[in-house]
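Below, chain A partners chain B and then partners chain C, in two separate complexes.
Here is the complex of A and B:
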């Protein structure tokens, strides 16, 4: 704890320094610091902070676009777009970047990285068991044979006993899972098989057939959507990679480290964790690709893009339906894909273009309001 | 049992396909069957396919029977003495042509040493793996295949002696290399194709080194003094032609010096190069815009009134003058008739092309480069024996492209030049590098081809020994003189008022989207505006309606609003013409695009 005196001094800079900078200074100041020294440090922090700020009229967006775009051209030329992690394919390279920036709803390879809490992440066997328990397993996988008996109006399901044991399940567990689907049928289980008989009057054979089709796809175990699991060693601990994502249910599990577990589906992150998390997810995911490619792009360029994509409180891709449709200027929108649509809509609505941005001013040959074009001249008109 | 197909049509079945196929082959070799027949036994599908139709590419192979080539030493003797020809061998069944299908049943040995009893054929020559142009690359088996392809493609673009009757021809863009030489390092295909009769390059002394970076990024440095002595000099020929077109009503163009009353008459001075027949006099020096052929055309639209108007002033001027950037000397004039019977006049321009910065040169190994600088002989590094290279090639071009053949040719060329002989670099059958090295040593040079060099400017000995030798270099047809183009102002397009595009139209160099971005990134807003001022226009805009007005010169040049006429204030604004055009187009769609004016200050 810092002395109240120091805290007070730091709090006095509320309006000139952001909270993160103030906190950092506070953390690094020694507790015995004198009042005058603390003030001096704070003043110099303010000076350094202001010196590091981007100047007014600097075209940050364009610089970011070019800074990401130029290395991007090298990416298309000399990379494999798939990086094999054991038995799993992960989209990387330019296709992945496009996937993120366009905020595509369906990913080519949805993946989760599930981190575990302390006692669970040290042993390969426990992690394997956990991995098996979250994998979505369907009823069908345990079945050796479905046999329909037309005379007795029964459906006999022969089960794979070894597999059941491996998954630590009994026939009863299976019956429990399919109970809701098997309404109107009496269910009897015996060693290695389940028998369905129609309750009451004998109905049509078709209903037994429907039952068979219905129970096949019932989830017996695991989490929905997780198609494949792969326990791997990462640094000093064991984690689980999953193909297919279900962030919401995974985070409910007590063994899972909620702070570090991630999904590469940014829409899912948005739904489960909210907009601030998405912003960070976009930055992380893009930077991961860039690092893997050995490129050198400053994170702040990506941060800017991520900010732009999430600034409305929801996720918008850099497409004509996303961020571009939000542009204020009709001419700017029309200059990027589907010009006729934008011009006609603007005409219908009587839109006014105030020519406040770059593209439209280049179009009509006026100075763009950036750099030397930004300052105006104030004169007294007589 | 096998099905038999002749030219892909089913004809029947055969009991023993193996015997059947070999019988067909025997008949063909004996001459009882046509030589064009090929047969293929598909053992998997149990089919025998016989082909005799056209369109199959076939290649000759020497037949091998029981591990022995049918081509004997005797045959070779007879061939040398001219007693038999190639075709005799084919008729005798020593050589036969296989198509792609029959090749599947053949096992081809690639030389005599590799023959086993299983082999059925042998290559006529090892080099038959490559085509004619690729065979012209020496030591082609010492380079990556894609470089070989590039090297053979480059040779097609080389200047040379393309036709002996070039002085009588009217070829478009013809080039003749002065003093073309036969290559010192050659392949057997050079002999066969008579390359020495129409060579397309020169043997140059090449040093592999750097010289102040003027040969970086695949540049080459030329010896200016060598160039002045005629190295790689060429002549460029280009015809200009005009035709006397016939029009409806019996009217016809006329090639002559236009009369003064002709519509569009230039000036007397413009026609001063023409002789009485309307053609430029031979050996006239011409530059862009000069009239080469004087011509007049009948009036474009002949109205009924004009028929009574007897004056000839209605004829139009339609002379042919040199296009932008063209120049040369009138070399040769042809007056003839074309297919339609119209009088056709062609004037061939000649221009001497001395190698300059930007001209393209290449060796035969896909190592093309552009001249970076021409250095006078006294400044170029020279060897201890006083040899000055004609061309300096960059060592950085070798490592990544792995054209070892380039280096071997340099060595071979040196041996050839010093030993006074040709060096054989035929694909797979070339003289060995080792032999060349020992020969070079016998000639009194270092066996690795390097020599001690001195810098021509300082006289200081260079730290490294320089790899130097003689190489066959080609001058390629891409010359800056044909491509150079620049403009400060010039023609604009009618529709958009933006500068025209392309060299032929004296066009501008576009400052594109990405170039625009660089200016924005620097915040150079006003510079950007100035760069895009090419189509700027000042238009009066009606402040009430927001529409663009016009000046009415019947009313003293007053600005008029299209909606309110004179009853509105119009202000002049400066916009790009392209934007004005867009507003007009939008308005033509029935959309009322309105300009709202604000005072800038």
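Here is the complex of A and C:
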């Protein structure tokens, strides 16, 4: 514990030093330090901190691109990789990085990590039960046989009784689930089967066939989109990994720990948690891949990319449809991808290029506004 | 949606900035408020703050390098 006085001195630098630096200095100061020495150390720290800051006009984007790109060449190109636990595939390596930075809408392996609240996360049995309850189960899975009776115009569905019991369901529950789809049909249930008969006059057999196709894909149990569940042990607790994501519905469940449950789909995170959460999710997801590959990229480079992708309030990928389309200069946009399209559109609209950025100035052989090219000279006329 | 997303580990603290503080921020960076990074009015993280377009939101991010950082976004309409 440092003396109050030292702490007060350090707190006085609140506006010039970030909290991590202040904490580090505080930790390394001896407790017997005098007031003047402490002040001197803090002043020197401020000087060192300011000297380490990036100068105006430094091309940080280029440095980031190189810093991420170079180790990227060493990443595995394997799309699928066994993550150690059971039969769950996770996209890693370069394909995953591309997926995140391009902000792709459909992921190769959408995954959620579902954490549970305190009493629920210690027992494997409760976790297993919970996992089974969130898995999307379709009507089709319980069916042994569909039989169309053409003479009596009925559809008989034979059900898998053991499976029903396993899921704690009865024929009544199934009928409840498909009720809205089976309008115009009378439904009778008997032991292990459901019988559909057309109400009133018997229509065409086609209607029964359509009914069959419709009820097959009705969700009986679970959350939409969760195709596979896998309870695993992580450190001291049990969590559920899911293949397929539905963050919105899963957070509404009372057993789920709202603070830690995440999805690897950044668009879903954006929709459910907002733009700031996406920024953090991008950083976390990219960093996870880089760490898993044993590479070392400074997190600030990834922060810069994540900031760029989220400055407009939504998620934009580093693609010609995303952040590149936002560039002010026609020439800069044309230099990326599909140059002809951009040039023709610019010509049609009579766009003006003010040559305020880097790429367009390189193209026409002018000094670029970077480093020493940034400041301009102003002459005072007498 | 009934879950309280402000508790989520990915969601930093969002607060509305007063008008006087807003002017101070803009003056410190020599910009007008519309040049700040944007956040949509419908964003789930600020849906309970009752903000309108043009307001500035202060976001207290947790950063691996700097501990806690204040970041500002301006609210825009969809």
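Throughout what follows, the second predicted complex is superposed on the first by the 317 of 382 C-alpha atoms of A that agree within 3 Å, B and C clash if a C-alpha of one lies under 4 Å from a C-alpha of the other, contacts with A are read in each partner's own complex, and residues count from 1 in each chain.
Here, a contact is a pair of C-beta atoms (placed from the backbone, for glycine too) under 8 Å apart; a residue touches a chain by one contact, two chains touch by 3 or more.
If you're wondering where the values come from, they're calculated on a predicted model, not measured in any experiment.
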Fit-or-clash call for chain B and chain C when the two complexes are aligned on chain A: fit
Partner chain(s) touched by A:379 [first = chain B, second = chain C, both, neither]: first
Which of chain B and chain C A:251 touches, first, second, both or neither: second
Partner chain in contact with A:19 - chain B first, chain C second, else both or neither: second
Touching partner for A:124 - first (chain B), second (chain C), both, neither: neither
First, second, both or neither for A:312, with chain B first and chain C second: second
Chain B and chain C, minimum CA distance [Å, superposed model]: 22
Chain C residues touching chain A - in the complex, by the definition given at the top: 1-5, 7-12, 14, 37-40, 43-46, 59, 61, 63-69, 73, 76
Residues of chain B defined as touching chain A within the complex: 516-517, 520-529, 532-533, 535-536, 574-576, 578-579, 586, 591-593, 596, 601
Touch list for chain A against partner chain C, complex: 18-21, 23, 248, 251-252, 258-262, 269, 271-277, 280-281, 284, 299-300, 303, 307, 310-314
Interface residues, chain A side, partner chain B - complex: 57-59, 62-63, 65-66, 343-344, 347, 352, 358, 362-374, 376-377, 379, 381
